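One chain, chain A, appears in both complexes that follow, with chain B as partner in the first and chain C in the second.
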Partner chain A sequence: MTQTIALSASTDALLRLLVFPGLLFAVPCAWFLVWLERKAVARMQQRIGPPFMQPFYDFVKLMSKAWPRREELSGAIMSFWPLLAVASAAGAVGLLPVLPNSGGFAGDLILLLALLEMPSMCLVAAGFSSRSVFAEIGSVREAILSVSYNVVFLLALVSIAASQHSFRIEALAQSSASPLRWLGVAAILVCLPGKLHLNPFSLSNAEQEIYAGPLTEYMGPELALWELAHGLEWVAATGLVATLVVPHFGPAWLPPLLFVAAIAIIVLLLAFVAAATARLAIDTSVRFYSRCALVFAAIALVSALWIGGKL
Partner chain B sequence: MNFFRRLVCTARRRSPWLFHMNSGSCNGCDIELIASLSPRYDAEQLGVQLQGSPRHADILCVSGPVTRNAAGAIETVYKQVPCPKAVIAIGSCPATTNVFIDSPTLDGPLDRHIPVDVFVPGCPPRPDAIIRGIAQAAAIVAERRRTAEGSGCTTEVEA
Partner chain C sequence: MNTLLLLIKNLFSRPVTVRFPAAPPVRSGYRGLVEYDATKCTGCGMCAFRCTSRAIVFRSGKTDFKWSYDPAQCTFCARCIDGCEAGALTMAAECPPVYLAAGALKRAYVTPRQRPTPPAQPAAPAAPALPGTAPAPGEAK
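Right, the complex of A and B next:
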């Protein structure tokens, strides 16, 4: 009996990772989001922008390019990072409760946060293992930026979870929204441009300025995997916000549709910010996020005292 | 197999990523190349993206008459572009060295150093002409094999 339950649980987990909302759903969704972002930026610059299938064509083309041949161990390590990034980003998407009553376990929010952070850490490691000067500069910038936005990001999520007394994503998705939750969502939204390397926090992969940042030495199929990991990061990060914002109600087919609509709106918002701003320098970015943490912490403290005083 | 071959051809034709290299150009052609990506001409409709690293590119766009300093760099960058790849010579300078012909500081034209697939003449060429050249180069890349024997297409990596 317990074996059957364990087996069904593991099949369930595998289905979530590989089919829905994991790879089979998340990969087209990632391509759609990447296209939407490029198209939205193009429309805001009064251009027509790339065709709908563009991210798919980019992926197929990169997959069909020449394999880099690197014999030594450092080459094998270099090829390992994009695989790890794709796997962890896909795992993060697989944990999102897109369907109502989709299970999950106590503390899966912590696992989601760790998986969300993995692609960025892989990027830092990849930049250093490729031994290019430009990649190393990009990696250092990415590491510093990641430390600074994660203070805001993690505090926001911890405060949301603590206010609902649960570290389970499903429970957070189903509980009713409180003022503190909206504050937390706002703080997470501020962190997303940093997490997704968008303007004004695009300094880690600052194109032209430091060639291509940490990915300067990557090419062909490995680069395709990096692009895929970045797309999946889009789905996971915007999906986390969508989970916290969109309530679960109505028939079973409605929440996935609402989920996709919500992430599309968040992507449009991010694209608007990206098109309207220029790249900030590293000290300005770090200062921005440290001030952000202060402001949000102050508002949260005041609101907690106010609500606590009223009760 | 045939289906995959056609899919790859379509993908390569519709996703040309460029790396732009200045080999002593007066900046005129560089400005026109950027203009072809600007709102008026919008080459991104064809999937064109200007990449920061030659490792990410399919098409190498070279402007300028190839000065002695740039000659070695051009060969290095050409080897860094992964196969299949194509080269566009933008402007009259890389094609003929233009008005700088017989200058002692030059080691041009471009096809003395690397094989050129598309010449876009003009001083500078119009953005429309550059976009047409990119489209032709993308069609050439689409038909090329990944490991073309005889064409001398090699990609070098360090480490």
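Right, the complex of A and C next:
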């Protein structure tokens, strides 16, 4: 009996990782979000923007190129980072409770946060592995920015979790929305441009200054994997916000539709911010997160602990 | 606030760019592909000399000369047009066509070198009129 339950749980976990909301769902969704962001920014700049299938074409084209040949150990390490980034981002998407009663476990929010942070850490490591000056500058910027926004991001999520007394994502998704949760969600939304390398916090891949930043030395299939990891990051990060915002109700087919609609709205919002702002320098970015948004998240955390103590 | 209003207005207005492979209309004086008229070319090679991007290559022979042009290298600066005194070079007033193979728009012309026409022989000077003789008919006095 116990073995049957364990087998069922592992099969369920595998299905979530590989099928829904894992790779089979997340990869087309990632391409869709990348297209939506590019299209929205283009339309706001009065350009026609890319066709719908462009992210897919880009991926296929890059994958069809020759795999870069690097003979030394540093080359193998360079090839390892995009694979790890894709695996982490796919795992993060797989943890999202898109379907109601989709399982999960106590503390999966912590795992989700760790997996969400892995692509960023891989990016930093990849930049230093490639030994390009531009990549190293990009990695330094990404590392500094990551430390800045993650304080706010983690505080906001901890405040939401503390108010609900649970670190299980499904429990957070099913609990009723409160003003405190909206405060936390707003703080997370402020962090998303930094996490997704969008304007005004796109300084780690500032193409006019440092080419592609940490990805300057990457090409072909490795670059395709990086692009895929970035798309999956989009799904995971916006999906986390959608999970906290969209309640689970109605028939089984409704929550996934609402999930996709919510992440599309969040992407449009981020695209609007990206089109309306210019890139900030590193000191201004860090100051923004340390002064403005940190206060924002700290209020949410103190309120959560206070409300939690009263209840 | 103006930026936000502009973005919203752009979102619902017609885009100024067009979908590939459609080409946008161009204004007069547009610098398109360099067009070569072999009948006017004198083979001086000045265009190749002025071409800093090496898009135009000129090979001179005894009986003919070869003029070749690679649009992929052209920066459309129009210095070749300015330097062509014979007026053999012009620029197309339309966007370059879409091409899928490398070097598809590359062109080369071999033009036979025309034998320079000898200058007209001046008429033999008339013998100086001897004093006392009548001037030739039509000669100014």
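What to note about this one:
The rule we apply is simple: the second predicted complex is superposed on the first by the 294 of 311 C-alpha atoms of A that agree within 3 Å, B and C clash if a C-alpha of one lies under 4 Å from a C-alpha of the other, contacts with A are read in each partner's own complex, and residues count from 1 in each chain.
Simple rule for what comes next: a residue touches a chain if its C-beta (ideal position, glycine included) is under 8 Å from a C-beta of that chain, and two chains touch if they have at least 3 such contacts.
Predicted model, so just to flag it, every value in this text is computed and none were measured.
With chain A as the common reference for superposition, the partners chain B and chain C occupy clashing space.
Legend: residue contacts after superposition of the two complexes on their common chain; A:Phe20 is shown touching neither chain B nor chain C. Contact with chain B, but none with chain C, is seen for A:Tyr57 once the two complexes are overlaid on the shared chain. Annotation for chain A, partner touching more residues between chain B and chain C: B. Look at A:Phe80: by the touch rule set out above, it reaches neither chain B nor chain C. After overlaying the two complexes on the shared chain, residue contacts for A:Gln45 are found with chain B and with chain C alike. The superposed model puts chain B in the path of chain C at one of 97-105, 115-123 or 133-141, which is 97-105. The intersection of chain A residues touching chain B with those touching chain C, taken from the two complexes, comprises 42, 45-49, 51.
Listing the residues of chain A that touch chain B in their complex gives 38, 42, 45-51, 53-54, 56-61, 64-66, 68-70, 72, 74-75, 78, 130-131, 134, 207-213, 215-220, 223. On the side of chain B, the complex with chain A involves touching residues 7-8, 10-12, 14-15, 39, 42, 44-45, 47, 50-53, 55-56, 58, 82-84, 146-147, 155, 157-159.
On the side of chain C, the complex with chain A involves touching residues 3-4, 7, 10-11, 13, 15-19. Chain A meets chain C in the complex at residues 40, 42-49, 51, 272, 275-276.
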